[in-house]
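In what follows, chain A forms one complex with chain B and a second complex with chain C.
On to the complex of A and B.
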């Protein structure tokens, strides 16, 4: 199955050369959000905003499905 | 009025008059807030209430527009009031030197048309979202961390911050710091959102988060539920 992934800010570098031109990555059926992060070697304990299909999802055991969209970016709160 | 002649091509005469009647609260007079106050005063918004509990410190000088060596130790809101009077004497400025929270927030925000978030931490922003919803006014959110920044326009009931601030307590600005240019960039976008809310025209960043990375110049609008 294919998962659409957008890595932004500090997380952009983890995606270099790993995301297809149409913005997807291939993962086996039954993969979880943890598998998505592992695919990119993103440290699991690194603070981050994780969105799956426009909603926040911090449960790394959350199962992702074909066509899902995952967005990862920094927690930003300075002023 | 000659002062606003350069506003006239993008705003109608009615819209120019309309913003003169608007009352905005700016919460935070630091990095982002200093620019927001400058932009709103020059735009000709009629009334600005400016909130901040702090005084200027030396570490503010790298980015905070209202700071300069001569005002170190001086209340940020008093400096903001003086700056507004210098930039545009038509604007009524009300300084409130306090920390806005869930308890005093309603009294501070009521009677205003919208509030702009120029805060520097998660908890205060979550409080502001609650209070703005209680008062029933839109909140224009903006935040920065190093090369990065984000903006969203939050109407009562949207609770956008619940999606992006639920799990973390400390942002990347703690490790990256804040330079001189991201506050101005984020403030500019927030003021454009505020103007569109005031005149009821254009497309807002509502239920969307604009995430900016100036290191690679990427501007991504992330749709949110």
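On to the complex of A and C.
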């Protein structure tokens, strides 16, 4: 299945060369958010915000589905 | 014999502009223990000294510059100054923070607090140096840019003076004029207009004194430990490389980027805007005060074409959002140019961008016709129009410049009922660039913020709810944010009480709030304060000082005529976005804000219907009214 992934600002560097032109990555069915992070070698303990289809989802065991959009970023807390 | 006071310079300087009198006063130790410094002690002075109903632009208002025992360059985040005053924009509690070496230098000059009162007959500036205080003529500075005035004063006084100065905006009493320290600004709520109304153009300070520390070795130890944590912190690295403006792509995705005067909470262009900025405008990072280990500031420029702009310290997240997403402007060079113009005129970037967005929507809906616009067509997204309106606002040029210089609340009062839904503000302060439809704790802090809908005090709610950060407040009752959904409403009012009590502390410490996001904790600051003052502070006592300060500010606002109705949010801010990624997300809309407020009032021990602090609560906090 294909998962659309956006890695923003401080996470952008993890995606270099790993995301296809249409913005997706291939993952086996049954993959979780943890697998998405592992795909990019993103340290699991890094402070981050995860959105799945714009929904708040911090549970790394959350199963992702074909066509889902996952966004990973860190709140720098711009004020 | 009085108790020896460690950690404070020990004096308040009072300057009356009306008669030129200067007085040094000793500090009230009991009040220091109850309010510490910064906006805590500043609230106490404002409440006690400025009479109810005072005209914010009249001689009765006071400008109170405040520091704390933590205002030192060697303290993590210790380079700040806090201005306290009655706001001419809101007619309520006003405060503005500015980063830089100015606060520490005021203490080196021998003063923890500086109170300016009255009104000078002619423009003057104040020079303070190691107990020497002088008022000097300033008429020759009229009409000049902030950079020019700062240079002239430096030439007159000598290079070792640091100067905070108002610009043309402050002279023209733009209601949201700030006070500038180079490219840094005490920007919100109109401190610059208060100075302008007093004919006070600048305050310059220098000093060489040291403050005595109770336990220097203990202080060195906790500072060293905290600095090591900060230097290795991932977020600190993010701040350094990307600054606050690096938030734009993330907040756009999260539905936290107010767009087209709050018609939406997402734009879909955040990444494009930031990539352009990063590749074209960013020159390097910079620290606002000497010794900052984070250095999140941005030195930026526009190298060519019609928005060519010299290198300057500016273009924070709020500023770039205000001049792009607020007004649908995709030209980042123009936004950076506006940042520079606002700095040189000395006007607040957030309020300026928000006023322009308001005007564009009024124009689109036929509430502003071309007769009031000097022939301008103020269409969404037109960068030339945005730049032109910045000039007009600062100079109060034409009908539209003069109207928007009053802020969106007054402007909508003038334009009439139909414009009210486009006036997005809280208590009269224009809303900043974070959206409570991204996380609803922010709605409560936006509604109940004492200075109005600002970008500083609400940040702790957003950082917890959407950003999943706790800054060590778990042990004081803040739940793990990863167990809470950002769109839940129940429980948010209760948690906001604790988040606010902790979140106001950096403004009482006059430390940079960002340090709470990069590894400094309230516990660490508590240890520093114990070492500096020799007082046996606990974290609980500090949170109590935060709570006391918030309550006294609330009492002040109620005395000035505010009620619970002023805690409400604009309807648009509570509604499903009209377009963008969240237009089909019903859950992001705020369903029952009044219940959220009632829950918050109950957590605060206030009357749940009127939102007024009860006599019992005030007595418990030791607040005498």
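What we mean here is this: the second predicted complex is superposed on the first by the 78 of 79 C-alpha atoms of A that agree within 3 Å, B and C clash if a C-alpha of one lies under 4 Å from a C-alpha of the other, contacts with A are read in each partner's own complex, and residues count from 1 in each chain.
Note that a residue touches a chain if its C-beta (ideal position, glycine included) is under 8 Å from a C-beta of that chain, and two chains touch if they have at least 3 such contacts.
Please read these numbers as outputs of a predicted model, since none were measured by experiment.
Asker: With the two complexes superposed on chain A, say which partner A:6 touches: chain B (first), chain C (second), both, or neither.
Answerer: both
Asker: Once the shared chain is lined up, is A:51 touching chain B (first), chain C (second), both, or neither of them?
Answerer: It touches chain B and chain C both.
Asker: Return first, second, both or neither, reflecting whether A:60 touches chain B, chain C, both chains, or no partner chain.
Answerer: In the superposition, A:60 contacts neither chain B nor chain C.
Asker: Between chain B (first) and chain C (second), which does A:75 come into contact with in this model arrangement: first, second, both, or neither?
Answerer: Once the two structures are laid over each other on A, A:75 reaches both partners.
Asker: If I apply the document's touch criterion, which positions on chain A are contacted by chain B in one structure and by chain C in the other?
Answerer: 6, 8-10, 47, 49, 51, 54, 56, 58, 71, 73-79
Asker: Quick check on the complex: what are the chain C residues that touch chain A?
Answerer: It comes out as residues 234-235, 237-239, 241-251, 253-255, 271, 274, 316-318, 432-433, 455-456, 459, 462-463, 466-469, 482, 485-487, 513-514, 517, 581-582, 585.
Asker: Please give the residue numbers of chain A that touch chain B in the complex, ascending.
Answerer: Checking each residue of chain A against chain B gives 6, 8-10, 12, 47-49, 51, 54-56, 58, 71, 73-79.
Asker: Considering only the defined contacts, which chain B positions touch chain A in the complex?
Answerer: 28, 30-33, 118-122, 125, 142-145, 147-150, 162-168, 170-173, 178, 183, 211, 213, 216, 218, 220, 222-225
Asker: So in the complex, which bits of chain A are touching chain C?
Answerer: Chain A residues touching chain C: 6, 8-10, 46-47, 49, 51, 54, 56, 58-59, 71, 73-79.
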